[in-house]
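Should a chain be cited, it is by its letter among A, B, C and D, assigned in written order, with residues numbered from 1 in that chain.
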Amino acid sequence: MSELAKEHPRAAVGDTGLWSSRVARRVAVLVVFGTLVLVAPWFLDAYTVNILVRAFFIAIVAVTVDILWGYSGYLTFGQAAFFGLGAYTLAITFSQLGFGPGQALLALGAAMVLAALLGALVGWLSFYPGASPFYATIISLVLPIVLVQLIYSGGNFTGASSGVVGYFSFPLMTETWFRVAGISMLAVAVLAHIAVSSDAGRLLRALRDNEMRCAYLGINTAAIRITLLTICAAIAALAGAGYAAFGGIAAPENAGFVFGTQLVVMVALGGRGMLTGAIVGALSIELASAYLSGILPYAWELLVGIAFVTVIVLMPSGLFGLLRAMAQRWTPWLFAPAPAVRLGDSAPKARESAVDAVVLEAQGVARSFGALTVLSDVNLTARRGELVSLVGPNGAGKTTLMKCLADGREASAGDIRIAGTPIKGMVPHRIVGLGLGRKFQAASVFETMSVADCLRIARSGRDKPSVLRSCAALNLPAAARSVVEASGLDTRFDEDARNLSHGLKQALELAMVLALEPDLVLLDEPTAGLTRSERNVFATILTRLVEQDRLCVLIVEHDLDFVRQISSRIVVLHQGKLVLDGTVEEVVNSPLVAEIYSGHQVTDDPAPTPTNTPEARA
Amino acid sequence: MGNLILDILTTAAILFITSAGLLIIFGVMKIINFAHAAFITVGGFAALVAHQIGLPPLLAPIFALIVGGVLGAIAEAVIVRRLYERPLDAILATWGLGLIMTQLITASFGRGVQFLPPPISGTVSVLGAEYSLYRIVLVGVAILIALAFTALMTRTRLGLSTRAVIMNESLAQGLGINSARVRLITFGVGCGLAAAAGALITPLTSLDPAMGLPFLIGAFMLVMVSGGSLPALALACLVLGGLQAIVSTYVGSVLGGLTIAVCAAVALRIRPEGFARV
Amino acid sequence: MTAALQLDNVTSGYGSAIAVRSVSLSIEPGEILAIVGKNGMGKSSLLKTAMGFLAVRDGRVRVAGQDVTRMPPHTRRDLALAYAPQEKTIFQDLTVQENLRLALPGDREFAARFERVAHWFPVLGQRFHQRAGTLSGGEQKMLIVARGMLTEPKIFLLDEVAEGLQPSVVARLGEALARMRADTGTALLVVEQHIPFVMSLADRFAILKAGEIVETGKAIADNAAVIEEHMRI
Amino acid sequence: MKQRQTGILLTSVASFAMLASAAAADTPIRIGVPVGLSGANSVVAPSVVQSTELAIEQINAAGGVLGRPLELVVADDGSGAAGAQRAFDTLIFQRQVDALISMQTSAARNAGLPILSRGNVPYIYTSFYEGRSCHPNMFVNAWVPEQQVPPLVDHFNATYDAQSYFLIGSDYSFGRGMLEFTRAYIEEQGGTVVGEDYLPMDGTDWAPIISNLRGSEADAIITSTAGGAPNVTLTRQLRDAGIDLPYGNLAVDEGTAASMGSVAEGIYISASYVTGIDSDTNREFLAAMEAHFGDELRTPNDLSVPQFEAVLAYAAAAEQAGTTDTAAVIDALAEVTVEGPRGSISMSHQRHAPLTMYLGQVTADGGVEVITAFDAVDPGDQCPDL
């Protein structure tokens, strides 16, 4: 242990080397764009400058749409509502209280606070464990519709359908507005870039890729989504306030769902999941519609519709995604390699003194779907340092039992305690917090993320991820680290998980689960589809986890050779009932087991009847 | 009071008629057809065409059903089919499809409001109140659609195959059921029903390229709370439509217009299975 | 003579996982081939591959000489191939009658054909309009087999149909299948762990291990011990 | 203080921009028309563009203004705020027009006003509206509630002895603004409003409102919906429910009435223009439109005719001022009077115009029969500060 630590000293975050060259490159890009924004008004005509000021504000909201949809996978039409809320807050403040520095601060502050509150409310409505993504999207559609209705009903206060107009605003020249809006957009883009490429930002892509896996890594997905929406709502409101301050009007259509859909169209055409794509999409659509919708008022919407459908169906990564893919192919040198991953050890979790404590107690667990009973009256206890194998024919209820142990909302009856805490009604991420780790039957990893990032996500519960920095080091507990090293994953940290072989994916998922430093690990057929040598590696790892790290492992497995090799205890399930719980020898030599597997009806009496030997075996 | 009861019943009927097509597609394919509103509009204009070519008014909804069905099937084959693995993208693609259809309708029929002579007009005395005959007729039509659809699903071969695909698609495939064909037909039927709804409501509304849009949000929310089941949809229409009518009558129509969306959203948050499995 | 079902060097899998590795096998009309092997060795995957549910990465699948490698699963019915999948693969919420009707492309011949099948499984006739989910485990298995027999297939793929059944039911199933083969020359591909069932039925065996066929031939049938070794959990 | 500075700053910026365009004497004077070619106003917009074209052609044929021809520049405002901002930007900054003359929704007009301040050109608004929109550069030559509502209420009062009214509208500025005034006027005349309800602009089901109307025992109905669909659906559903009370519709025009056929029969309307106005100017105007546009002709209406007259007013004002300079033209606009199809129009009253209002009733064939004309109805206090 200590030797390993010496070989891989824990690296300090954000130290020199590659990191700084990447920063330099980005700062250079930023300086170029910043300068462009500052000098552009001298070269552009007044018309284009005016159009672009509005486009910059809209691009800011488009960035928030991209973060919510492209990065975290929440398709939203609702950002328009927050934009509109910001616009109206400013317009109403200025028209009721007049313009002044105090009012301006008040307006901007109120816009952000109101939008954040509304965002939190909408988030609470949209995201809860088990919420359908459709539902969240539909709510995002309802939000602007309700808001616009309220604006319409607001009489003189909101200006009803005519909007709020005729207030005095910041006394800036259009050129100055251009610079303010342009720099604001760049600032938002830079902040967004830092955030999405930070350790915390990685969580968003993880949510998009596999929300279930996140929940079983102990991540409170609903809380993250609500927080993200709250922040994006506040940013959208700021953009809206800027828009209204420049344009001198807050109109219902600034908050309407048509604008909401236009934002999604911009991001989709530009390229979702790429901040530059969102900005390019927003600016180019705004510019093009300014020039073309005047010339082609009838055909413009038709053209946009056709382009939109084509992009969604044929090139989901958008026009900018296409460009980037081409650039990556022809000019790979433009793309800096990610900094090398350094493997380090995490500080070991403080363990309670009790040696080999009981970590799992299940009493009378049952699960039924309507009239169909899948599991009934299962009693099971397991302690640290034990490897319990769960065997039984197909449909015996093994996976259902696993589900009941890992999700407090699953069991229909019975009492389950993990580390002494009853889990009834508890959602998975909280149960994981009690020390449970669950590996699914089909390898469940984050397909579009690198191996290192998958592991970092798994660690995010223990090492609080930074919103600002991205850490090159990867600190893993010994158990996870041994899996990574034994499987050879440590040579493929930069590889996307989707490119891994089946065996490596299984190993990666196991390493992710172990990175949680669990006391109890549930493994559902971890060796299915593995080669013989992969199985052997797996067996060695499991044995070490149990014997050395004193984990409690509960495993569903078909291969009795494998089960024999690794188990300290075997539990047999048959037709939803626990029929046998004993040592390896007891179970392997039980006639009951032979009976179950060779296909005879088992009587309700779970006690093995030695006389009832199947004819075939005679 | 008689008026209120009739308002509730007829509001529920209109909601049911205008959301049944969306429900069928969602129930079978787990896809939300954002082009639903455009198909309602298609139905309205199909009724106009039917009128212009001299079809009797009773046949207008049937004509609309066929036009919408064919267009829907084409849309499935060209666009939707590629997106079953990406249900959120299917939302976007169907939304884009709706935009295109609306623009094409505008280009062919103009932007103005058109007007179709009503097939049935006048009032009838029910529950002590004079009430629009056509609205009463729509209640019957809604019941008819529900019965016809139930019969289609339970009494026909196609319905059996469709239910099989909903319950277990791969098992159905293993038995030789062409689930791609079932999906094509389902999408066609769903769009056809939306179009028929468009033809059915034109006597109450005007005919313009945006006529379907007002029904969209209500239909979305009702389908979400009913979780894809037709009886649940009928119940949701009655309860939420009834609430809308009551709020409109006693509080105001503007708030009434928000009733369905807000109540459905809150209901789903509190009870995620909604009206399904009541 | 054209094989009823032929696999040439077929490799298939789920995502990045390989389930079936270069498997070649061929079943003559009227022949019964049993595939044995432990759980998780790819037996069910082999049947799924033959059905078209698993994408074939390499090799060819032929049904009655016709290449179906790239054809979707539902097209197999028209080639007189029937499939009885593992576990309780019935439509629980449909009636027994509806479950059976779904096996045929139309309802015209249903009554006549059901009469023939009902001879073997009279209980299905008794429970004709009952929800299939209310049937006992054995009855559900009968439904699965009856459903395939109803199509009067040239080749019938059966995945662990005898699992968890009473001996009398198993015997009944075996008898029905043997009779069908004798009457109509149906070839059977049987994946099974139930030793007496498979021993009484099969002409030939193939042993599958980690997705590969390791032994095949009639000889194994004579050596129960070998088979048993490969069938233990 | 700060506010004034802003104004000065913006004015100086804009006039700098304008110096360039005013240079050559024979360059055309550009008239910018932002209009809803798409969106809610797209139905009526073509007729507005046609009447503008005719006005400009007639003026050019007579030698132009200040010896310079007029040039029409049309921009689509999408009938809403965002489109209007683009359209105003395009016209003022890209096409550098000398004046704006537009029939627009209130939302579009409001969205354009801040840009108007920045660009500082004269602006004539030609759509009837809910009143009290004021801007130093803006004139209005169409009616406001003070002009439209009284003839209708007075007539109901006199003819049907209507004391209790039920008001129905679309939930938007015009709908609420009109009915707000109507309620005040009815109460001022001693009547009562027994019900008032609104449906969202895209609402289609008026049943609960109609049920309430039925229970209210009102003597007459006055409605003010959004044009087009809501107007048609409300009228249909009222008729379908067998309601046959005196029915005044503040939002229907001749064209919509004609398209509704028999359903619209008996509806009372109040307008400043109907095609049947018995004057030589109107007959000449209609003949010229007919001759110019032939089959393409969109029937002139209460929105397109003010647009025609507004072009004449701008021409007269520029001639009187002797320049296209904004300040001078604005001063002159308040003084000139033009003879148009609606009669003599002068935007002399707080930037608004006293108008002759016509009370009419829709006939069975969809036409409008004028019942009474009210001369020079005063727009009331619209912009007391200007």
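Here is the rule we go by: a contact is a pair of C-beta atoms (placed from the backbone, for glycine too) under 8 Å apart; a residue touches a chain by one contact, two chains touch by 3 or more.
For clarity, every value in this text was computed on a predicted model and none was experimentally measured.
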If chain centres are mean C-alpha positions, then the most distant from subunit D is chain C
Centroid from C-alpha atoms only, then distance subunit C to subunit D, rounded to Å. What do you get? 78
Centre-to-centre distance between subunit D and subunit B (centres being mean Cα positions), rounded to whole Å: 38
Separation of subunit A from subunit C, taking each centre as the mean of its C-alpha atoms, in whole Å: 41
Subunit A residues touching 2+ other chains are 149, 152-153, 298, 301
Which residue numbers or ranges of subunit C touch two or more of the other chains? 92
Shared-interface residues of subunit B (touching two or more other chains) are 254, 257
Pairwise touch list, complete, is A-B, A-C, A-D, B-C, B-D
Touching residues (chain side subunit A, partner subunit D) in the complex: 45-47, 50-51, 54, 99-100, 149, 152-153, 155, 159-163, 165-166, 168, 171, 173-174, 247-249, 251-254, 259, 289-290, 293-294, 297-298, 301
Report the residues of subunit B in contact with subunit A in the complex, numbered from low to high. 32, 79, 82-83, 86-89, 91-93, 95-97, 99-100, 103-104, 106-107, 217, 220-221, 224, 254, 257-258, 261-262, 265-266, 268-269, 272
Within the complex, which stretch of subunit B touches subunit C? 157, 160-161, 163-164, 167-168, 170-180
Note which residues of subunit A are touching subunit C in the complex, please. 371-372, 391, 393-395, 442, 498, 500-502, 505, 525, 527-529, 531-532, 558-560, 575, 593, 597-601, 614-617
Given the complex, residues on subunit D that touch subunit B span 38, 42-43, 171, 197-200, 202-209, 211-212, 214-215, 228-229, 232-233, 236-237, 239-242, 256, 259-261, 263
